[in-house]
Amino acid sequence: MVATVQRKRIEILVDTPLVPRIIAIAKKIDISGWSVIKIASGGGRDGRWDHDEITGAAAKSIVLMIASEEKAGSFADEVAPLLESHGLLITIGNVEVVRGDRF
Amino acid sequence: MIIETLTSPVILFFILGFFAACIRSDLTIPEPFAKAMSIYLMAAIGLKGGVEVASTGFSSELLSAAVAGIALGFTLPILAFFLLRSLGKLDAIDAGAVAAHYGSVSVVTFVTAIELLTGQGMRPDGFMVGVMALMETPAIITGLLLARAYAKKTELPSGASDNRDGGSSLIHEVLTNGSVILLLGAFAIGMVAGEARFEPIKPLFAIGFNGVLCLFLLDMGLIAARRLLQTKKITVPLASLAVLLPIINGSIGTLVGTLIGLDPGSAAILGVLSASASYIAVPAAMRLALPQADPGIYLSMSLGITFPFNIIFGISLFAALANFLAKFIG
Amino acid sequence: MIIETLTSPVILFFILGFFAACIRSDLTIPEPFAKAMSIYLMAAIGLKGGVEVASTGFSSELLSAAVAGIALGFTLPILAFFLLRSLGKLDAIDAGAVAAHYGSVSVVTFVTAIELLTGQGMRPDGFMVGVMALMETPAIITGLLLARAYAKKTELPSGASDNRDGGSSLIHEVLTNGSVILLLGAFAIGMVAGEARFEPIKPLFAIGFNGVLCLFLLDMGLIAARRLLQTKKITVPLASLAVLLPIINGSIGTLVGTLIGLDPGSAAILGVLSASASYIAVPAAMRLALPQADPGIYLSMSLGITFPFNIIFGISLFAALANFLAKFIG
Amino acid sequence: MVATVQRKRIEILVDTPLVPRIIAIAKKIDISGWSVIKIASGGGRDGRWDHDEITGAAAKSIVLMIASEEKAGSFADEVAPLLESHGLLITIGNVEVVRGDRF
Amino acid sequence: MVATVQRKRIEILVDTPLVPRIIAIAKKIDISGWSVIKIASGGGRDGRWDHDEITGAAAKSIVLMIASEEKAGSFADEVAPLLESHGLLITIGNVEVVRGDRF
Amino acid sequence: MIIETLTSPVILFFILGFFAACIRSDLTIPEPFAKAMSIYLMAAIGLKGGVEVASTGFSSELLSAAVAGIALGFTLPILAFFLLRSLGKLDAIDAGAVAAHYGSVSVVTFVTAIELLTGQGMRPDGFMVGVMALMETPAIITGLLLARAYAKKTELPSGASDNRDGGSSLIHEVLTNGSVILLLGAFAIGMVAGEARFEPIKPLFAIGFNGVLCLFLLDMGLIAARRLLQTKKITVPLASLAVLLPIINGSIGTLVGTLIGLDPGSAAILGVLSASASYIAVPAAMRLALPQADPGIYLSMSLGITFPFNIIFGISLFAALANFLAKFIG
């Protein structure tokens, strides 16, 4: 069977205008890459929210990053102070990455 | 004039959208289509303004209107800020963010006003498009300065968010804002091309304009009403301020326009610009610069209340005021 | 007339799309663009109908056509339901869902028919747009009642899906359906605005109409053919019914139209409305109200077979029938 | 290192018109929020399916919810009867949520 | 509580034009279905990349598949040779699937 | 002519987009809107070409232009391939992929050239649209054959990627490519419909054309500049080749066009087609057939350098050359 390595799958739910700030932090701690997925709609403590708006300020995205456990930890530490003020939601899960030594 | 306004298809489409959202219809305009329409409207209004300036030439009014516009952009948020803190009971961060919105402008309100005024023989000068573009961003700076000056240390962004590049990236964002570039760029293209070279592209930008505006206002009606229905953040004082601020700012703007010698149509437009509140450029900048400010407050006020108020009442109001002042002062 | 139909650019674009999908080309129309075109077409057709009624005034035909349309919407699914159960071998749930589609209408078939009939001097009355909007939803109720009456207990949705708010939310969904609101709203705006106020927005909505319809039918051709190619659910009896039902329903509709005194163009349009099957409003309602029904069946029949049949043959057929009946009965 | 809590990441693949029904169930058992992601295309037992359609009935979405183990369990129980009739696909995974006490 | 089974959640990040190739492999080893999610933007070793382009060649997607451990393994083996040449990123995680016996 | 080009709104919008991206503005055109515009432009150009051929009839030039176009498509990549390997220092895979791009064509460059040439009284023949469609794909085959012939075994795709259906699926992809089908389909529709039946859809496709082209080139300016700014793969030799190849290919194309007896406008267009590099059809095909080739190289060269070069300088150059050759040879 093909070789796999254990890595962290980090998912950050964030307002779209703040995505560059998240990426800047990821770059600082040298995470190798990221992917952004658009959220179509959602809801939380504020009640229902919809994306069908021309004002981009209300748009939300998921930033997805695969990283080593160590980098995932540094990332969480760096980003934690923004959690409240920026309304982030950060989850970290375990995944096997196929031939993933470069991450 | 208010009846003429209320039977204009442009306004009727806005009302249709507002009504559809109120009865919770599932009608929606796809977001990329709405963005496409807003790009089209900005390119068209910029081009038409530029072509007009190319044929009438620069005038001294252009310069004084530009200076007045920038000055209004910088100063209008100050009064708004203190009203929002005292009457509206907002903290400094939220008050600064909301004030920035009211100092800036709404492109669609401007465009709708141009259409309504032109339909009533009060066609504003072409250069007012340029003035609008100049008024988009100064208020962001004032709003931020006010928030920073009055906020308690603990409320302000900490750590990563206000580091060195935070400030410079905001200034960059403000100066290179997409809608400012598009408006000023299309304006410049219109000036360079002039009437003759504008001819081949005129059909799309001139003939389709009113119809696109109808569909765009349909979407704005949906968005405004949905904002209002969803929000839980708007108190009675805040709702009142969302009507009071455009009246105050719009009257100041119309008066300033008349005093610097603009014709009634252009003075009314300066009033409309002052009265209108941003809901595209400023929210994005605030999310970046003041992430602690609550978008539920500033979007609900500017999009849910002030925008409909200006579209349906404000424009007629400042037109009447401009005509009155023109007789009184002129 | 069938040759005139087949050389009309509108139809040729449909055939191009159908052909492209059949040779498995990767040509696609971005979904938001397709939705934008459908919003545009509905707004335009509503406006034009309203403006026309504003200038001709209400007539008694308007009322009888509206009543006839609603009655057809409620009753046409009944025959369809039993044919689908007996010939089509569908169970009650699927038969009810499909029957609802055939009782409702397809906006694009309507719009294409208006263009083709107008091109041949059989321009239907403006108020038929309103009739179409009224015919969108009654069939949903009949289809559901039939499915509930004839389905075995075990087939019906259990637990959370048919709880209290299920019913009321469906009724709400049906009454506030986006396309109904947009059609009736634009119709009302056209009536309020009238010919004179329609003038400034006419270029977009009148001049661009035919061209947009071409591009929209290009997309419909792609979608119809892809549906047909993908589906594994369509038996020979079902495919036959997808041709038979529009012929039966369309003939009934044309006859009813003639009997209530409509001119041949309007009678033909009532036939086209009866013959056409919904593929936007009803599928969404069925997914909600009868989730057990198989979308593969109802979408393939209405979109893959009935829509192309009506566009290419049905419209000409009901036009000819209306002309024939007008001579015969009139 | 910043504090994390163990939570469930629930992913429900569902026809877009049925999303409100899923959300209604989530609200009933007091899950704090949800995010909807649009699916561009897909395929299953029925063969290939594509989203490029004007008929929204065939569109599919993923509803993503972060919740406690307990709520995830209640949610699965509530939603199970709809599995067959509505053609749902529900997966539940483990994630660490950074400062996630409110979920 | 409702029955769940343990399955693998496979996520393949791939250039959109290559998605059909991934799906062909999935079909070959009889994976029951897949869902494609569009990526809005991202970045990796090549620096930032944005999706706002008319040339579809640069678009990226995530192919999401739920499969048994065995099939996930075969899939990883089959797809591994393409990893380098096609620039794939493949992660495999554990999830519980509610009433998921058919996967 | 270069000054006329640089003051044309179409080109000014391209420059505006390029500038906006250079100052890193956040201005963006939603992707579905850009795709919609490109579908519109292809349908419009195809229709207009077809209608023209319908009224002028087939001519012998049509046939010789078609043969010349296909021949150029097959052969131009050969010279490009060896220049890219020797001067550009690319390996066989990358050189083959880039060469395929330069042998194929850019629809937007073509459309812009038609507009600029028409504006200067050098209107090309309508059938050149058909020639363009025929030139889209031959180069893909030559590029692939070159890459396979010269690449070392280890560089070539292994295992699953070049299995049996790899080849046939590529040929299918090439022949059913969406833009080829749309261009040829709209061309055929134009021929079948003819001038009279084109009338009702003319407003959308003829009147809006120039304006849409402006907005599309605004987007192309943004994309071209962003490509250039992001890339790290473009060496000085490669950048030089991205200017040299269009000059060489364009001169060959203009010469061939003149020799086979085309009028100067059509010869210039054949030059522009030869000079232009694909950035939609070929990249997608290469990603599939040569996944090892680096998109960073071929997209940056064709989109970032060659496209702007042709739009701003190339078109004027080949127009001048065609006029010169017409006098010299004619």
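Chains: A, B, C, D, E and F, in written order; residue numbering restarts at 1 for each.
In this section, a residue touches a chain if its C-beta (ideal position, glycine included) is under 8 Å from a C-beta of that chain, and two chains touch if they have at least 3 such contacts.
Note that the structure is predicted; figures quoted are calculated from it, not measured.
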Shared touching chains for chain C and chain F? B
Tell me which chain's centre, taken as the mean of its C-alpha atoms, is farthest from chain C. A
From the C-alpha centres, identify the chain that is farthest from chain F. D
Here the gap between chain A and chain C, centre to centre from mean Cα coordinates and rounded to Å, is 45
Can you work out the whole-Å distance between the CA centroids of chain D and chain E? 18
Whole-Å separation of chain centres (CA-atom averages), chain A against chain F: 39
Indicate the residues of chain B shared as contacts by at least two other chains. 28-33, 35-36, 207-208
Check each residue of chain A and list the ones that touch at least two other chains. 37-38, 79, 93-94
Pairwise chain contacts, counting only pairs that touch as defined: A-B, A-D, A-E, B-C, B-F, C-D, C-F, D-E, E-F
Seen from chain B, its contact residues with chain A in the complex are 28-31, 34-35, 38, 157-161, 165, 219-220, 222-223, 226, 230, 232, 279-280, 283-284, 286-288, 291-292, 295-296, 299, 303
In the complex, the residues of chain E that touch chain F are 15, 17-18, 21, 24-25, 46-58, 78-79, 81-82, 85-87
Tell me, which parts of chain D touch chain A in their complex? 1-2, 4, 7, 9, 23, 32-38, 61, 66, 93-100
Which residues of chain B touch chain F once you look at their complex with the stated criterion? 30-33, 35-36, 39-40, 43, 47, 172-173, 176-179, 181-182, 185-186, 188-189, 192-193, 197-198, 200-205, 207-208
In the complex, go through chain B and note every residue touching chain C. 7-10, 12-13, 16, 19-20, 23-33, 36, 115, 119, 207-208, 210-212, 214-215, 218
